[in-house]
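What follows is chain A paired twice: with chain B in the first complex and chain C in the second.
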Partner chain A sequence: MKPMLLLALAVALLAGLAPLLSIYGQHIFVLVALYGSVALAWNILGGMAGQMSLGHALFVGAGAYVSTALYLKYSVSPWIGLVFAAAIGGALGALMGYTVFRRKLSGVYFALVTLALAEMALHIVSNVGFLGAANGLSIPSKPDFANFQFGSKLGFCYAALGILALVSGVILAIDRSRLGYVFLAIRENERAAAALGIDVVQGKVIAAAISGALAALVGPVYANYVLFIDPESVLGVPLSIDALLFSFVGGLGSLFGPLLGAIVLVPLTELLRSLLGGKLAGVHLIVYGVLLILVMRFAPQGLWGLLTTAIARRKK
Partner chain B sequence: MSAPLLQVNQVSRWFGGLRAVDEVSFDLHGHEIVGLIGPNGAGKTTLFETISGFIRPTKGAIAFDGHDITGQPPHRLARLGIGRTFQIVQPFRDVSVLENVIAGVVGPNREITDPRGTAMAVLTRVKLDHRSSSLARNLSLPEKKRLEIARALAIRPRLLLLDEVMAGLTPAEIDEIMVILADIRREGIALLIVEHVMRAIMSLSDRIVVMANGRKIAEGLPAQVAADRSVIEAYLGRRHHGPA
Partner chain C sequence: MDLLPLLPQALADGILLGGVYAIVAVGLTMTFGVLRIVNFAHGDFLAVGLYLTYLGAALLGLDPYLSLVLVLPLVTLAAAFTYKLLVAPVIKAPEHNQIVVTLGLSLILQNAMLVFFTADLHAIPSVLSGHVVRFGNVFIQAAALIASAVSIALCLGLYWFLRSTEFGRLIRASAQDRDAALMCGVNVDRMYLLAFCIGVGSLGLVAPLIAPFNYVSPSVGSNFTLTAFIVVVLGSMGNFAGALIGGFIIGIVEAVGGLLTGGSINFIITYAIFILFLLFKPEGLLGGRRA
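== the complex of A and B ==
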């Protein structure tokens, strides 16, 4: 139970920290927790099970659109929307995994299929009037707990932290179970995995389903935080790339490296944005690129790897 | 006599016009060690791959423990109790030796109360327990060969298929593996061994199956097979065509 206890402690600590932050600090807090959650969810499939997705925006977007449409059109509380989001995300992940992995397509083929599916979803939603088409959907501001609108940034800090804690808990549970070894074996060597009695296709489908469900949970929280979603923001390629990039910089396949990636890169993006004041849009991507090259060159295990080796060295 | 544990019945595997395995039949009983030998290109590895489910036979049938297993995927065969090693070692390189073996312990999806302890016990059996926390990639070749055996043992097989676990080892290292294999058979696990190291396979095997050009050309006790004319021809014929 030790890692779970540690997680509970970390969550409690963060919950205590949130009220002490400035409004801007709380905004960063929410963004880090949400992006961190997406990256951690991505890492279950991409890092732990070794199947790179370039389309995780599909899950976030599906979650955001499902809960927002249910709320706006049928007055279903986003709290219930969260459940629907996870279900749709999980189903999409399983379906995507099953169609691709059953045909023994892996690696770059899987990455391309995920990219294509997310882009298809973006273009479909952009043309469906019911979902606001390319203009997106606005959520009217009606602060109420039942509406998942908390009237303060602090409320969203807790909501985002809740998602982050859930995702982290699932990751710890996987790591300690048979499933953790199934993912490890599939990532490391599929032939050897099969020889050990591991159903490789099933394992990958499960990874995709869990990863999709957890990423989808972020959608409703994000939608209700900014009170607006459109295809570009929740289904676009940049979001998919962010999930992958945070994981690479933080430490691919390590349990919590992707969160570390978000902790470093999200505030950096915000800082650059405020420094440049809207000029030079996209300059953060150049910074990402440079950072990625530096990490690949000097710390292929990512920031998490740097951190753990530094700790190990101090212990010696 | 009890029913055979493994029955290979008229199994063929063609690759286009090449008959890599051509109507091969043999039986293997529980507690038995059968050696599969033959010159390079005889079809040993292809036959091995069909028995472990990685290649489907073109024709013929394979039965394990009285049940037809022809064409079943490898993970299901592993769950039935067929373990295998790979000729070219396939460790999970970037995780520890212990984690490699734990993956084998939990792989077949049974209830295991203490996977870590079970894996450690398996590592002790192949004398690799002192390396449990090393990354698999950092092992020497003889150690990697032993890790292959450990991982296959971890699924608790009733039949273990070993594909050249002694290739590339020194005589002393081969002796170590032979001791380990003798221990394994004493625990009641049947072995099918593909091997080029004649000294080892002749002394370990209860029976030997000899293949050449995809066909079974001889079967019998090691001494019988060693004196068999067609076997000698198959091996010596190769020597005439090039360096041994």
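== the complex of A and C ==
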């Protein structure tokens, strides 16, 4: 139970840190926790089970739209919306996984299917009036705990931290269970895994379902933090790329590398934005592209790998 | 509203569009068929070509058709650099890493264009911009006709090149079995370079041709990349004839779908076809055969 204890300690530490931050610091805190959660969720399927998705925005968007539509149209509290979001995300993940993996599609084919599914969802939502079509949905500001709107940024810090803790806890639990070894076996050698009697399709479907459900949890928190969602922001390709990017830069093979990626890259993005003051909109993405290529070329294990080898060297 | 009289027009538009899709997809399928690299930045090179054409028009006052002599070599050169710098080092790396490298390149190219040229749409006028050819009730832009005709000719020309020339044979040998080709004395690395330059460089030829009837924006490339992927999967990865047929199918589906539904719903049809194909016939229309 040692890793779980460490996780609890880290969460407590972060929860204690949040009130000490400035308003801007808290904003970054929320963003890092949310992006970190999406990247960690992506990594369950992409890193742990080795199936690279280019469409994780589908889950985040589904979660955001489900909870926001329930709240706006049927006055269902986003707290309950969170449960619906996870259910929808898990169901979408399982369905996507089942249809794709049963056909033995993997590698680039899987990446393309996920990309196309997310794009299709974006175009569908853009045409559905009930969901605000291309204009998106605005949530009226009514700060109340029941509305999942907190008076201060600190409330959102705790909400985002809660999601991050949950995702991290699930990852630790997977890693320590038989499922973790199933994922590992599938990632390293599918045929050998199948020969050992592992149901490869089932393993991948489970990975997709868990990954989808956890990514979808981020949607409602994001929606209520920003109070506005539209197809481009929660279903667009950039979000899917972000999830993949943080994971690769942070370290694909590791459990918490993706979070490290978010911890480094999200503040970097905000820094670049504030330095350039709205001009040169794409600069941070150019930096991302360069980082991605550099990491692939010189440190395929990502920042996490660099960090652990550096620590190991110090110990010698 | 009775849509039937408009159908021939939509079909004609679709066929013209399909020719352009076909050549873009042929370039993608060539890099995949030979190098086994999935290039997510493919369409962005088309956008680079379009912006070079735009620069030629804005700075030098060149007609798109004249700037061809600049754009084609520049895009081909960019392809050569890309191969040497980015693609060659990951040619034996796992598929994930290759995808990530080309995705990174796509991010860089798209956003560099965004930074330099902003998100504004640009039109590039040409002497042929206003010319329309009429066949009965069907009106066709002369520039679109030229672009489509050249694209189809280029597809066939590339096919002939691969089938019937010595270089083509060497490229095919490298594609079929890298090690065997190496042992027979084929300079595989150079053949890969050549294939990549042809596959991506052909976009340098296409860009000035489609410039007179297309808007230029930084995101135009990613649209073409996705469409090219759809076409390539439809027509079987690595298959030339398949890319040609797939190009026409998607072109016609988009044009006729746009007529029937209007708006962005026809994207949904294209994606649906793509996903159904990936799920139920991932080997594509023409099976596993490779040109």
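The rule is simple: the second predicted complex is superposed on the first by the 316 of 316 C-alpha atoms of A that agree within 3 Å, B and C clash if a C-alpha of one lies under 4 Å from a C-alpha of the other, contacts with A are read in each partner's own complex, and residues count from 1 in each chain.
Please note the rule applied: contacts are C-beta pairs under 8 Å (C-beta built on N, C-alpha and C of every residue); 3 or more make two chains touch, one makes a residue touch a chain.
Treat the numbers as computed from the prediction; the structure is a model and nothing was measured.
Chemist: Between chain B and chain C, which one contacts more residues of chain A in the superposed model?
Modeler: Higher number of touched chain A residues: C.
Chemist: Considering only the touch criterion stated at the top, classify A:V113 as touching first (chain B), second (chain C), both, or neither.
Modeler: In the superposition, A:V113 touches chain C alone.
Chemist: Mind working out whether A:S274 is in touch with chain B, chain C, both or neither, as first, second, both or neither?
Modeler: The answer is neither, since A:S274 touches no partner chain.
Chemist: Give one of first, second, both or neither to describe whether A:A193 is in contact with chain B, with chain C, with both, or with none.
Modeler: first
Chemist: Does the superposition put A:S152 against chain B (first), chain C (second), both, or neither?
Modeler: neither
Chemist: State whether A:A185 touches chain B only (first), chain C only (second), both chains, or neither.
Modeler: A:A185 sits against chain B, while chain C stays out of touch.
Chemist: After the superposition on A, what does A:T309 contact: first (chain B), second (chain C), both or neither?
Modeler: Once the two structures are laid over each other on A, A:T309 reaches no partner at all.
Chemist: Under the touch definition given earlier, write down the residues of chain C that touch chain A in their complex.
Modeler: Within the complex, chain C touches chain A at residues 38, 86, 89-90, 93, 95-97, 99-101, 103-108, 110-112, 114-115, 119, 218, 222, 226, 229-230, 233, 263-265, 267-268, 271-272, 274-275, 278-280, 282.
Chemist: Quick one: which bits of chain B touch chain A in the complex? Just the residue numbers, please.
Modeler: 52-54, 73-75, 78-79, 83-84, 86, 90-95, 99, 102-104, 106-109, 151-152, 154-155
Chemist: Residues of chain A touching chain B in their complex?
Modeler: For chain A paired with chain B, touching residues are 178, 181-182, 184-185, 188-189, 191-200.
Chemist: Which residues of chain A touch chain C in their complex?
Modeler: 50, 52, 99-100, 103, 105, 107-109, 111-113, 115-117, 119-120, 123-124, 126-127, 237, 241, 244, 248, 252, 280-283, 285-286, 288-293, 296-297, 300
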